[in-house]
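As written, the chain order gives the labels A, B, C and D, with residue 1 at the start of each chain.
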Amino acid sequence: MAGITLVEGMKALEAGFQRARELDIIVAVSVVDARGDLIASARMDGSLWWWTETSRAKAFASVTYGGMKSGDLIDRSNNPVSQALVHMHQGRMALQQGAVPLFRGAVLFGAIGAAGGSGAEDEDVSAMAVQSIS
Amino acid sequence: MAGITLVEGMKALEAGFQRARELDIIVAVSVVDARGDLIASARMDGSLWWWTETSRAKAFASVTYGGMKSGDLIDRSNNPVSQALVHMHQGRMALQQGAVPLFRGAVLFGAIGAAGGSGAEDEDVSAMAVQSIS
Amino acid sequence: MAGITLVEGMKALEAGFQRARELDIIVAVSVVDARGDLIASARMDGSLWWWTETSRAKAFASVTYGGMKSGDLIDRSNNPVSQALVHMHQGRMALQQGAVPLFRGAVLFGAIGAAGGSGAEDEDVSAMAVQSIS
Amino acid sequence: MAGITLVEGMKALEAGFQRARELDIIVAVSVVDARGDLIASARMDGSLWWWTETSRAKAFASVTYGGMKSGDLIDRSNNPVSQALVHMHQGRMALQQGAVPLFRGAVLFGAIGAAGGSGAEDEDVSAMAVQSIS
């Protein structure tokens, strides 16, 4: 199956960082494939060290639930199954706003997550990153 | 980069224990650097065995969130991102009152956390420890 | 403290991928700071999903041991202390050839690791990535 | 049961650091009780961030095996039971030279571990720390 390419992943990171600069925020952005594995990730100067981790954890949540915005998963965060998944992945999944799935037609290709701004800002960054390669 | 020195770390522990004696409580105190790594930790006679762990976990939370009192982070403790971070660190982060950051100018140097008293008492101990080396 | 910037991190990734193309291999490359935290990571099309993880794990080993080539750490991989560190980091450290530290003067700024080729090829990729921002 | 007191723990740390200065090395030193739980730990200026962890992990090994020098446990480090214990404790046990048990009469009171020098140097530091409170 074709997936998100390296060129697309890097382009998406740049689009996300560009959007963050427009919003005057500092973020990390991560791109994962449909399985939740990392394609590309980076953090802007001034980021806290763990923002790469949480941007990725949001993107992981998005694809793990079949391609939902991670912000639409918050209500499930106290669900025993989601908590089990968080445990299984040693904390590397976060059902928190900031990630947007990437579909091509009906096919889920992956997701992009951001961390560092408010939840709404992070989602805005990720949406622009997704749009740049849609 | 200059950080909290060993001499300062030991002085801070002693200042914290002195404050605990004044409050007639028993505590453990931990000093971490700006990344959350341990500089110094000890527990008073009569402490429960795990108070060193939780004093450190509070200090870790303080620096992880950029230098906040851990007591100001309690509202975030059910947040999926903070829960993810707790799991990533195998429980070694606690968003609970008792740790105070150490800034010099605008630069975060680390944090000091205490455990064993009430949240307010622990924070009092940590504040005196921070003050002793500020 | 100044560290590796986002611009440098992205430039280093590109230099690494360019070198991999010259060697006709497929790799993932990761850039970490002096504490071992991720600055940037990506994998080429055709990579196995976990190469981002192991490229990062090699770079983590490099800085954890004070800035050594990870290939010079292989003899320590059965050492009980290094094994303890691998466990502490849930497998996210690998004492295997493929990562090169980045010093500026005597100061360790971080390390770059690669995975996907032979150990020697991975180290070659990382060395070119480091050189691109030295 | 009486154990190692806070005053003794702090005295032992100082004795260990004093010995390290005589040896012209930089170390972290940790004091644990007979159960392996932390009483006191600190690292000298210039230590790598993880030396507190591994000094403690050696001391944990010492008491876990009933009060042996951790250097006498190296042969067991590939033993499935010791490896299981390392896993159980998430890497927080290291069967490597550098820790010395503290007995009073026939009773094990705890152990002191050091990390940062060679194995022999670390054991020397710990032995002096133990002696200071024996």
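Assume contacts are C-beta pairs under 8 Å (C-beta built on N, C-alpha and C of every residue); 3 or more make two chains touch, one makes a residue touch a chain.
This structure is a prediction, so every number in the text was calculated from the model and none was measured.
Q: Under the over-half criterion for shared residue numbers, do copies subunit C and subunit D use the same patch or different patches to meet?
A: Looking at both copies, the contact residues mostly diverge.
Q: What chain lies farthest away from subunit D once each centre is taken as the mean of the Cα atoms?
A: So the farthest one, by centre of C-alpha atoms, is A.
Q: Using Cα averages as centroids, what's the distance between subunit B and subunit D in whole Å?
A: Using C-alpha averages as centres, the distance is 23 Å.
Q: Measure off the straight-line distance from the CA centroid of subunit C to the CA centroid of subunit D, and report it in whole Å.
A: Each chain's C-alpha centroid was found; their separation is 31 Å.
Q: List the centre-to-centre spacing of subunit A and subunit D in whole Å, with centres computed as mean CA coordinates.
A: That pair's centroid distance is 43 Å.
Q: In subunit D, what residues contact two or more other chains?
A: Residues 49-50, 53, 90 of subunit D each touch two or more of the other chains.
Q: Under the touch definition given earlier, write down the residues of subunit B that touch subunit D in their complex.
A: Residue list for subunit B touching subunit D: 5-6, 9-10, 13, 17, 33, 35, 37-45, 49-50, 52-53, 90.
Q: Given the complex with subunit C, which residues does subunit D contribute to the contact?
A: 48-50, 53-54, 57-58, 74, 77-78, 86-87, 90-96, 115
Q: Okay, in this complex, where on subunit B does subunit A touch?
A: Touch list, subunit B to subunit A: 35, 64, 66, 78-81, 83-90.
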